[in-house]
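To keep things simple, chains are lettered A, B, C and D as they appear, and every chain counts its residues starting from 1.
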Amino acid sequence: MIQYFSIVLMLVGIYGLLSQRNVIKLIAALNIFEIGLNLFIVSIGFVKDGLVPILTSNNESSAMLYVDPLPHALVLTSIVIGVGVTALALALAKKMHDKYGTYDMDEMGGK
Amino acid sequence: MNTSFIILLIAVPLGAAFLSVLVKKLGKYFLGAAIGFNLAASGILAYDYVSPVIYEIGGFKPPYGISLVLDEYSLLGILLLNVVFALIAIMACKYIKKYEVVLSVALAALNGVILTGDLFNLFVFMEISAIAAYILTTMNKNIKYTFNYLVLGTLGSGLLLFGIAVIYNMFGSLNIMDIQNRMAIISYPVAGALVLPLALIFTGLSVEAKLLPFSGWARGVLKDSNSLVGTLIVSAFSAAVLLAFGRLIDSLFVMSDSLLIVFTVVTVGTLILAEIAAFSKKNLREILLFSSIAQSGLVVALFLQGLKSAALLVLINNVISKMILFTLAAKIGEDNGTDKLEDLKGVFLKNKVLGFGFTAAAMSLIGLPLFFGFIAKANVLVSLFEANNIWLPMVILIVSVIEGAYVVRMLTTLWNTGEEGELAKAEDAKQYKLTNKVRLTIIITIAAIAIVAAGILPLLQMNDWFNFDILSFLTDGLGGV
Amino acid sequence: MKQIVSILLVAAIGILIFSALYFSDETLKFNEYGNVNLDDRVSEKYIDKSVNGNTEEIIFGETQNAESGSANMVTSVVVNYRSFDTLGEVTVLFVSALGVGLLLNGKRKRKNLKDAPNFILKQGARIIFGIMVVFGVYMFIHGHITPGGGFPGGAIIAASILLLYLSDDEFRVKLSAAKAVESTAGSLYVIVGLLGIVLAGYFLQNFLPTGTVGEVISSGVIPIVYMLIGLKVGSELSSVIDGFLTEEVEG
Amino acid sequence: MDFILSVPAIVVGLFAAAVLAYLLTKANKILGALITVLGSGAALAAMLMLKGDINSVQSLGALGFKLTDYGWFFSVLMLLIFFSVSFFNLYWMKKIIHPAAYNFLYLVALAGTVGAFTAKDFIGLFIFWETIVWASMFIIPFGKSRNASVVYYAFSAFGSLSMLFGILYLYSKTGSFDIQYVLEQASMNTTYALVAFITIGIAGLVKIGVFPFHLWLPKAHGNAPDTFSPILSGGLVKAGGFAAFLAVIVMPSYKVFASNALFLGRELAMPVPNYILVFLGAVSIVVGTLMAIKSEDFKKLIAYSSVANGGYIIIGIAIADSLSVGGAFMHMFAHALASAAAFLSAAAVVHRTGTTKMSELGGLIHRMPLTYLVYLIAIISMAGIPPMSGFISKWMLFQSMIGKGMVFTAAAAFFGSIGSFLYVFRPLSAVFLGQLSPKHESVKEAPFLMQVPMIGLSLLTLLFGVFPNIVLRFISDILKTAGLDGLTLNGLVISGTNGQLNPSLVSLIFGIGFFIALIIFIIHPKSRKVDLMDTYTASEFIYTPELLHYSYAFYAPFERLYENAPSTEKWYAALIKKIEEAGQLVSYTFFNNKPRIIVFWMVCAVIALLWGGSL
């Protein structure tokens, strides 16, 4: 179910990119897309009845059933990349606003 | 061979980038050192190359750790990339100020894109190089195109990651070779199930490789970019991404017939449409950027046909000649305030040496004999015919006519003054400027000579140059030195 | 009209994705949610820490000198098995922070907040700032035994800085200091990797004893790397925050 | 056979001379131009000396050279034209924007021509072929039009890339590039033969400027530098004849098609593919003639006449019997000499007056009698009137056509001949006859070094018109090696299908006629000379000499007929416009600065990929 939801979230992001023209909304749409994607990646690592992949004094043996730790690591990377891109996009948006006085892509003109 | 050089190709520029933030004043020296090191290291790697090496980062054997793969293919890639990168950096060094760090990072990332043997790592490096490209393109006057690029690039890499995740889910591995092996041992057909991930990966890479219709960002970003940014994107970035594209197609793309057809339609469509678009353009840089898009389409189409060597030759030709052409186009644009062809009649009269470089590159681009492009084109056609493919050669040749027409228009206009119906006179070129930069002139001359030499020497030396396998040439020719 | 077209397109692509993922009649299938056999995946060896041939079970608090000493398996993937990705990821953040800096450059001053913060807010925020920084440091120092690590730790530190920004309209981080921290940490990360070549043979290879799984001082270079990452992320995000909460000074 | 005197040595030598010419021109322009004269002259001498070495094989790296008899014929012809024209280069150095590049490219083009005609392998042929293309493509814009070069390149590229397609296709099937071997293999398989015929044939048609590929000739020839037009029209165009000869006779495709019922037309005297060539040739004769009649520009007119003459050559080759092919060869020879001479006289006129517009010229016979004579001989030859060599070739072609019973083709050819009277007479009268324009009172005869090649070419035209068998014997040998029957030549007499021709006798009769006319001219009282401006209308003097010009609106009644005629030029223009519009559409559609538009296309593409891929 959560996996379906994550794909739907990605689609919402794409919808946002398709229908919006405000720079900030576009960035938000990109983020929604990324969040959906990240959720999807985490969800492919889930193993039914699996434990959190950390050895603790309770789950102390590696022989127990854990969920797949690799997607978590991937998502970590993906999130950080998302943060970086978002920061850059916001900086660009700010700069564009300084220059054109608007956040609307259509109003910025040009070919 | 000291295999550590493989990782140092990435680690040294990265380290240089980190350090140059610390000591800002030394930034350009760090960048220069990194570029120099990479040149030397790729030279050493090529010199010592015997057989493919897999470098296990962290000491974990593949497929568990991330591995870098140095085979003929990536060796060719890093040689090409580092040389081109170094030349561009030297030619356009006046724009580098403040962007040294970004360039170092881009250098590391592009080397990573070529070398990596891991899907997710490929994504990471693609993303780093893309972000570096976004930042570089903010040098342009109009940053809204950069935003455009950013949105598309991010969406594209998101789709790429989506595809990688699906692949991981299906095969349980991220190592490209391992996935290939796992596919090979499956006894039932896998092509049908791979449609989704392959289409997504294809889309993701296409955005950066500038295939139509994924390359909407390219025009805005490149049409008034300077000789650093524009040249880097049309030659170095595009080379690295196409090489990664080729590697994935070669190893992962188990395509159903219909998927192959769709991919081929996209790539060949890119070739045709972009050449037509280039034909309709009147500005130097726009012509070149569309031509670059078209060549990307051709390269990917050849990879899809399984013709690795031919695709690589086209790629090399395109990268080297685009480097010269775009640098000069940007320079002409900057010196004269416009890069509109109509306003630049006879501009090369001001600087004939640069004009010759431009001409050699342009003629190589359209594949005229005695230039390297012809060797590439002949190889493409021979290998296509040997694969019993008749229609693709036809398309390529018809498109070549269009390409030739606009390139010749460019050349004749840039060399000759005078309105239509009047004799060309040298005095009419007075108002132009094409300043002479020693570094630029030297590099362009050397590159142009290399293009001509690489077009003539094979004819004189190899009896089967039209079947030239560049990958084995690298092992036999360079490894055996 | 625009919306309708968008919805139709999104629906079409959604249907295609869903049908390819969940309703495919191919023999090779997308493994559905939770229905995963880790034996088919490379991650199985990450859990068992058996990439380099270890056959024994890993027991919390007992196993010594495993190939990756981290009890948190995600951490062992992030900083050991796929440490190179992490270096890349650090670079992404690094280069985007740099890009923000390049875009929002020039002489800058703080933006005025709508409501000027009062004394209590300022002082209270400082107390919380201390707690948050300590918590962030805890996050990355304990990254190999508990959830967390360098990135969340760094993010928490940056959040504490943000808190100061929001509670005090005069506060600014010293950008040069942030740059110095970020640069030193990044360089050290690369140097750790290079030391791996020198001391152990491969880039980013662990060259310290990994100790006992589950102890704080264990798992070789992981705490060091996570510390570096934490500092780096914290300083980078802080400088990004500074970029957004300041404006260019005319002239 | 040592290397010093061999085909590769000539080619390499010419390339070296090209570089030398480039460097010397930088120092001294005339010196550089002199290198073109010496280089082409030396190459011509060397090639003539190589006559005994026909069928020798040499190689230069991976490029093989084989001196076939037809290759020798073409090379000598080409070298002769290049050598003759090179004298003019000396006078053109100041008028050309890049003199060094001009000399360089001139010799590179020559090296390319020799290389192409003597290549042993197809790939060598192609390489040299393209070398000619790019060398001349850079020379053309030194003239009056930049666009002409683009048109020239586009057409040439279409032709040569079609040839490349054929070459590589045949390579993939036969595993060889050797011209002889590949064509042999191709002739054993109808598909291969057809591919070779079409692809190499198209290359030939484009090069020789046969309809519908004729458009580049008037553009390029008309606008090229005046010294290069004779090369294009006299020389390089004939390379098309070479390619057509390869495709039709050497292969020999006519035999392949003749033995296959698929290609045999019921009512036709020849296989369908050959008939298509004949048809195209006939169309270009008509089109070329009509367009030439209409042309205002002296050089364009000769260019269109080259189109028409290309038609004769193609018809001759396509009919593929010994008389027709022999006629085609003779026609190439005769037309090369004549058209080069005509363009050279045009160049001489330009050199002295600075224009090629007929309405601005006139009466130059008084000032440049020798140039007039050269032009007169050239056009007599082009129109196919005895005693010039053009008559011999046309006679042979007509003989062959009539012999085959090809009435319509022959009608077209006759139309072309008669039309050529109309168009060649016009420049003759407009440029040389009539009254001298006041602007050109002080014009002098062409300088001596220009006269040398003009006189040389005219004498050759006359010589081979009177004694054509000197050439025809060699042509006959070519035909024999190509598997056709030789020509029937007895002493001075040529035998056709339904008659014999003794050119010397014909010439003698013509000579007597000419002599009588001359005597009448001399003894007849002279008319009074009237100056062009020596007139007035309605008591007002006219000061625009153009309106009073003899050839002003010369064929006005004819020209009205052209207004509604279909035009290939317009068709090509429309095609280019369409391509440009399509390009703008692509650029506008896919390259937008609004992210949502591009995301839209991206999503559409992903949908297409997923949907199409899972079909």
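Here, contacts are C-beta pairs under 8 Å (C-beta built on N, C-alpha and C of every residue); 3 or more make two chains touch, one makes a residue touch a chain.
All figures in this text were calculated on a predicted structure; none of them were measured in a lab.
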{"item": "Chain occupying the middle, per Cα centroid", "value": "B"}
{"item": "Intercentroid distance (Cα basis), chain D paired with chain C, Å", "value": "73"}
{"item": "CA centroid of chain A to CA centroid of chain D, Å", "value": "67"}
{"item": "Geometric centre distance via CA averages, chain B-chain A, whole Å", "value": "29"}
{"item": "Whole-Å gap separating chain B and chain D, where each centre is the average of the chain's CA atoms", "value": "42"}
{"item": "Residue numbers of chain C (touch at least two other chains)", "value": "5, 9-10, 13, 16-17, 20-21, 31, 36, 41-43, 46, 82, 85, 88-89, 92, 95-96, 99, 103"}
{"item": "Junction residues of chain D, two or more chains touched", "value": "593-595, 599-600, 603-604, 606, 610, 614"}
{"item": "Chain B, residues touching no fewer than two other chains", "value": "120, 124, 127, 131, 134-135, 138, 143-144, 147, 151, 155, 166, 168-169, 174, 192, 195-196"}
{"item": "Chain contact graph, described as a line, ring, star, complete graph or other shape", "value": "complete"}
{"item": "Chain A contact footprint on chain D (complex, rising order)", "value": "593-596, 599-600, 603"}
{"item": "Chain D to chain C touching residues, read off their complex", "value": "600, 603-604, 606-607, 610-611, 614"}
{"item": "Residues on chain B engaged by chain D in the complex (per definition of touch)", "value": "144-145, 147-148, 151-152, 155-156, 159, 192, 195-196, 198-200, 202-203, 207, 212-220, 255-256, 258-259, 261-263, 265-266, 273-274, 276-281, 290, 345-346, 349, 363, 368-370, 374, 378, 381-382, 385-386, 388, 390, 393-394, 397-398, 400-402, 404-405, 408-409, 411-413, 415-418, 420-426, 458-463, 465-466"}
{"item": "Contacting residues of chain A [partner chain D, same complex]", "value": "14, 17-21, 26, 105-106, 108, 110-111"}
{"item": "Parts of chain B lying in touch with chain A, wherever the complex brings them together", "value": "120, 124, 127, 131, 134-135, 138, 142-144, 146-147, 150-151, 154-155, 158, 161-162, 165-166, 168-169, 174"}
